[in-house]
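First, the structure itself, so that you have it in front of you.
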Amino acid sequence: MKAAIIGTTGYGGVELIRILHSHPLFTIKSVHTTREEVPVWNEYPHLINIIENKLEQINPEKIAKECDIVFFATPTGVSGKLVQEFIDKEIQLVDLSGDLRLRNTEDYQKWYKKEPVSAEVVKSFAYGLSEWNKENIASSKKISNPGCYPTATLLGLAPVVKENLIIPNSIIIDAKSGISGAGRSPSRANMFAEMSGNFKIYKVNEHQHIPEIEQQLVDWNAEMKAITFSTHLLPTSRGIMATIYATLNKSITSEHIHDLYMEMYKNSPFVRVRPLHTYPSIKEVTGSNFCDIGINVDERTGRLTIVSVIDNLVKGAAGQAIQNANIMNGYEETMGLQFLPLYP
Amino acid sequence: MKAAIIGTTGYGGVELIRILHSHPLFTIKSVHTTREEVPVWNEYPHLINIIENKLEQINPEKIAKECDIVFFATPTGVSGKLVQEFIDKEIQLVDLSGDLRLRNTEDYQKWYKKEPVSAEVVKSFAYGLSEWNKENIASSKKISNPGCYPTATLLGLAPVVKENLIIPNSIIIDAKSGISGAGRSPSRANMFAEMSGNFKIYKVNEHQHIPEIEQQLVDWNAEMKAITFSTHLLPTSRGIMATIYATLNKSITSEHIHDLYMEMYKNSPFVRVRPLHTYPSIKEVTGSNFCDIGINVDERTGRLTIVSVIDNLVKGAAGQAIQNANIMNGYEETMGLQFLPLYP
Amino acid sequence: MKAAIIGTTGYGGVELIRILHSHPLFTIKSVHTTREEVPVWNEYPHLINIIENKLEQINPEKIAKECDIVFFATPTGVSGKLVQEFIDKEIQLVDLSGDLRLRNTEDYQKWYKKEPVSAEVVKSFAYGLSEWNKENIASSKKISNPGCYPTATLLGLAPVVKENLIIPNSIIIDAKSGISGAGRSPSRANMFAEMSGNFKIYKVNEHQHIPEIEQQLVDWNAEMKAITFSTHLLPTSRGIMATIYATLNKSITSEHIHDLYMEMYKNSPFVRVRPLHTYPSIKEVTGSNFCDIGINVDERTGRLTIVSVIDNLVKGAAGQAIQNANIMNGYEETMGLQFLPLYP
Amino acid sequence: MKAAIIGTTGYGGVELIRILHSHPLFTIKSVHTTREEVPVWNEYPHLINIIENKLEQINPEKIAKECDIVFFATPTGVSGKLVQEFIDKEIQLVDLSGDLRLRNTEDYQKWYKKEPVSAEVVKSFAYGLSEWNKENIASSKKISNPGCYPTATLLGLAPVVKENLIIPNSIIIDAKSGISGAGRSPSRANMFAEMSGNFKIYKVNEHQHIPEIEQQLVDWNAEMKAITFSTHLLPTSRGIMATIYATLNKSITSEHIHDLYMEMYKNSPFVRVRPLHTYPSIKEVTGSNFCDIGINVDERTGRLTIVSVIDNLVKGAAGQAIQNANIMNGYEETMGLQFLPLYP
């Protein structure tokens, strides 16, 4: 299948290139940007001698004629508009932005502070949380790829929320992300001299991924309530850890919870539930499509701690997008995604 | 006053040297270790031409005769035994270890898994949380310096715990520390290649600082219950951020909470309450004795988020130890501690 | 083909696993260590659910019977002895240590300060600088893989040394390496708190890679003389940059030198000569088997500057080892090595 | 004395604040910028509660009336123009830019590619290499502070150049700098995600500090010739290491060279010559005004290697500026500069 990538100059776009380049069934046909038409390696010298494509302007007609699938790695606010130019064409769409995730357009306006895409368009996209929405994805031609924080958080919470084991209003998510999540536009906040040796909290209870997480939690369990959600910036390029706290609604052992996670993810090749009393660190998934999960029950407080880590650019963006593209096309979901973490 | 430092080769010890070297009233008389008797700069080349002292063996008689105050930067388990050799001598004692903090020796045994110092000895030491125990410190000659995590956590929680504004069993502390907190003994876990680009969780609900925090919280407010406490390792040398969550026991605004913090810390030169809607990052206190605090009330959940940052080696160790030594001797508490953060 | 890896717990060994795991024609049959027989993921949790092999003791008979090729990622000093137990067996050998590179055993003794392997054994191994020794490698069954610094340095110098364009005694190599090059044994020098924010020089004109470089330079051009060689440690996990200086023996333009490099490496898929006036950085090859080269002629001084970068664990170790295994077996030299750099 | 700082929002400016804040004889009277008039802590939150000054516009009359000394931490190109508005006023001037260092205005035009300040103005400024130009500094009221690379390089080379021990055209300087040297304006090149895990070479034989170094070398020894000079960016905030190579013009031992350096710097409190066979690393001077030097003679090649490290923002900028201000005013040169490196 021939693939187009739109928004190639961001970190999500270049990660799509990295993965698709080695994919056995997708070929990168064209790469697009709204900026200058230069070879990709002008923007990313590490691609010299590998990707000879020039960045091209975005011509929906031409792309739809030449390609079978298009990945949008464009910014939120831009993506939604662009996607609509492709919506009636004969081409599969995978959008990595936040524009097509919230079915409630008021939520979009409130949290994103931008003009929403119509609810009808949003609903025509399957929400691409691969492990839990496989059937919808498989039968769709349009995917809205989850956010990075929601991916780590929802994979971590799914078993206990679906099994109704926690008190609805007790969820607190303390999330940490490497700085590539902030994109490739230079700003004071993402300068090396400012972030090196540093660790910052930002968007306390204000992050736009909150309604996306809550929407899915309520879909799974209508009792679920508003979450507390803090995001922090790590002095690393990549990686997300969500440390999730929730109060159990009855006395349950660590072993019981661990068994539940093992069972629920036994058919999910990219979710690795760690042995009891061990926890994943972000470098153990860097460069891979894994989501690794560790759990702990504290008997003193009756509280559950869930640790969920991903590479924000892989399972949190480009990797999951390709996993969804695999599912959508009836391929093995692991196809082209079986590379190992880069360690150390 | 003449000071001796015991346990000089660890990071706490060398930070004591850094600060005492510029202190107007304390002079470093001797530095001690159980290891080889070499010049300090053999261990720490950055001290060459500055600190000419040789590391000496620990001779309590000699130290008590030559010095007015001794700082113990020795490891937990070692410190408690050592301190007792000085306890009847005419010399001020400041211990930076965990050995003299827990009045309940069973707690010590349970969490530290070591033989405790007798309760009597422990009680003869004032707990050196400078901002909140000033009178005891001022009238004592023996100080047990707080742990790094407890310092950040307790300064963050004090106002709402003392004013009884939160639900007792609702406290969750998600703490992150730079790796100098793990000491200077090489191990796989603290290697550069393992920690660079990494972020790890460790000791989930098992950290030995838990009983220290709970002991102080109950001292402040007898209603307080067990806390949930997770610790993480940051890929930085220094710095702690405690992100603290608690549920308010009634509807209170951010403004009200902020006013309370401003009021309660108005006479504390090392606690900087940040303007509403802004939060400190760890680099903004690196190398200084400040504890910076930001607060947020989430109206959707009725939950309070408190962000508290310190330099673990300064306010979390050597800096607070010297602040306590100042108070104990009737000096200005800021004496020798007014250096600024090193930024960037 | 079935492969055994000996010395799996070091960084070279685990990188062999990463690459061989995705190689279309080599399968990891067994992994070996002299330590405990535990699953590999006990040592490297990032391999959990992927590599189920247990680490096994080293039984040459058994390995030779079950495998077609064995990779030695064992330490220098150990490797040479181990290799000899396999030397008469029906199995291909690729050694990543320094033990089989120096034909002059006195050089080995002088620079490594260890007991050398006999010259006869050393000579039975082909020196695996893939780009320049392809015929020997192709016709051999035993490969001595080059050191990381020599790989970057020799690929950078080959064109001008072979073409006799520089003054023989004018070569100065200022080399910088990420800290994974120092191995996985914890020491004070490779602790995060010591290396973060740091940059160190070590082994000034004493590095054991000096005779390896000089041996190859003289093979290429008998006029070549002793080099000046400094090594530095970067606060990164991976990557080597060799900044190489040499005085031209006549007036030559940058363009001329650049043409020469382009010509000489036109059939070397892993050497990327950068456009004139641009230079590679180490992150642009991280995780890949590329060696990227930039060149500059300074007309003011008549001096040539060559910048050569590799990932020390890939082209500087495991990647080149597999490239050599490909060549030795008549496979495409790029097989299993076409993954892109991980950027950012 | 009352000091004004112009160009406060850059890293040089904020480092002047850090140091002057603790200086016993200089007081920060006012801080200036061409940007918005906000409190300094709006730009630098780590200064909250410490520096209450608002940033003010630059009014030379007012500044000259209210202050005794003004430090210019303004960008090259801007500084030269600004300084001239103060040149006839009754106020001491210390300029940290490159605008007033090159006596030959053609050199300035060639290397800086900007309009030069007149040679007459340039010559009215003393070149502030504190250790080697003390008399001129002491008798001047106008100082041009050296560049960061020239400081490390010239302090490293002075003894052998002055003593005429090296071959004039043999000097090669391989310099590495932390990224704060690139200033505080965000750009792709200084983003965390781009520099983390990275190491880059830039301005190969094109750096504007080349003529500054050459000018001083020739002042010391008229035989000296053009240098080879490469600059690299380290993934650290601070620190410069210059690894300097030169060929000795006769056979001299390491011991002899080392004695020479010890002798020549015996009265320079900020230059620390390391014991033979040991070398400084950048973290061993971070946050301090030291320049640490190690030397090595390679008998195989007759070449000298000099390792010189500084903190680029302290000895390479603000620290040396204040050292010069001390000298100019007849104070002890170490006044306010005796703080230790921040380690680890």
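When the chains are written out, they are named A, B, C and D in that same order, and each has its own residue count from 1.
To be clear about the criterion, contacts are C-beta pairs under 8 Å (C-beta built on N, C-alpha and C of every residue); 3 or more make two chains touch, one makes a residue touch a chain.
Note that the structure is a prediction, hence the values are computed from the model and not measured.
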Where subunit A and subunit C overlap in contact partners, by chain label: B, D
Farthest chain (mean CA position) relative to subunit D: A
Which of C-D and B-C has more C-beta pairs touching across its chains: C-D
Geometric centre distance via CA averages, subunit D-subunit B, whole Å: 36
Centre distance in Å when subunit C and subunit D are each reduced to the mean of their C-alpha atoms: 38
Distance between the centres, which are taken as Cα means, of subunit C and subunit B, whole angstrom: 46
Two or more partner chains touched - positions in subunit C: 11, 178, 180, 193-194, 196-197, 235-238, 281, 283, 286, 344
Residue ranges of subunit C touching subunit A (in the complex, touch as defined): 11, 14, 17-18, 21-22, 44-50, 180, 196-197, 237-238, 272, 274, 278, 280-281, 283-288, 292, 338-344
Residue ranges of subunit B touching subunit C (in the complex, touch as defined): 11, 178-180, 182, 184, 186-188, 190-197, 235-237
Residues on subunit D engaged by subunit C in the complex (per definition of touch): 169, 172, 174, 176, 178, 193-194, 196-202, 204-205, 225-228, 230, 232, 234-239, 241, 243, 245, 279, 281-283, 286, 294, 296, 298, 300-301, 303, 305, 307, 344
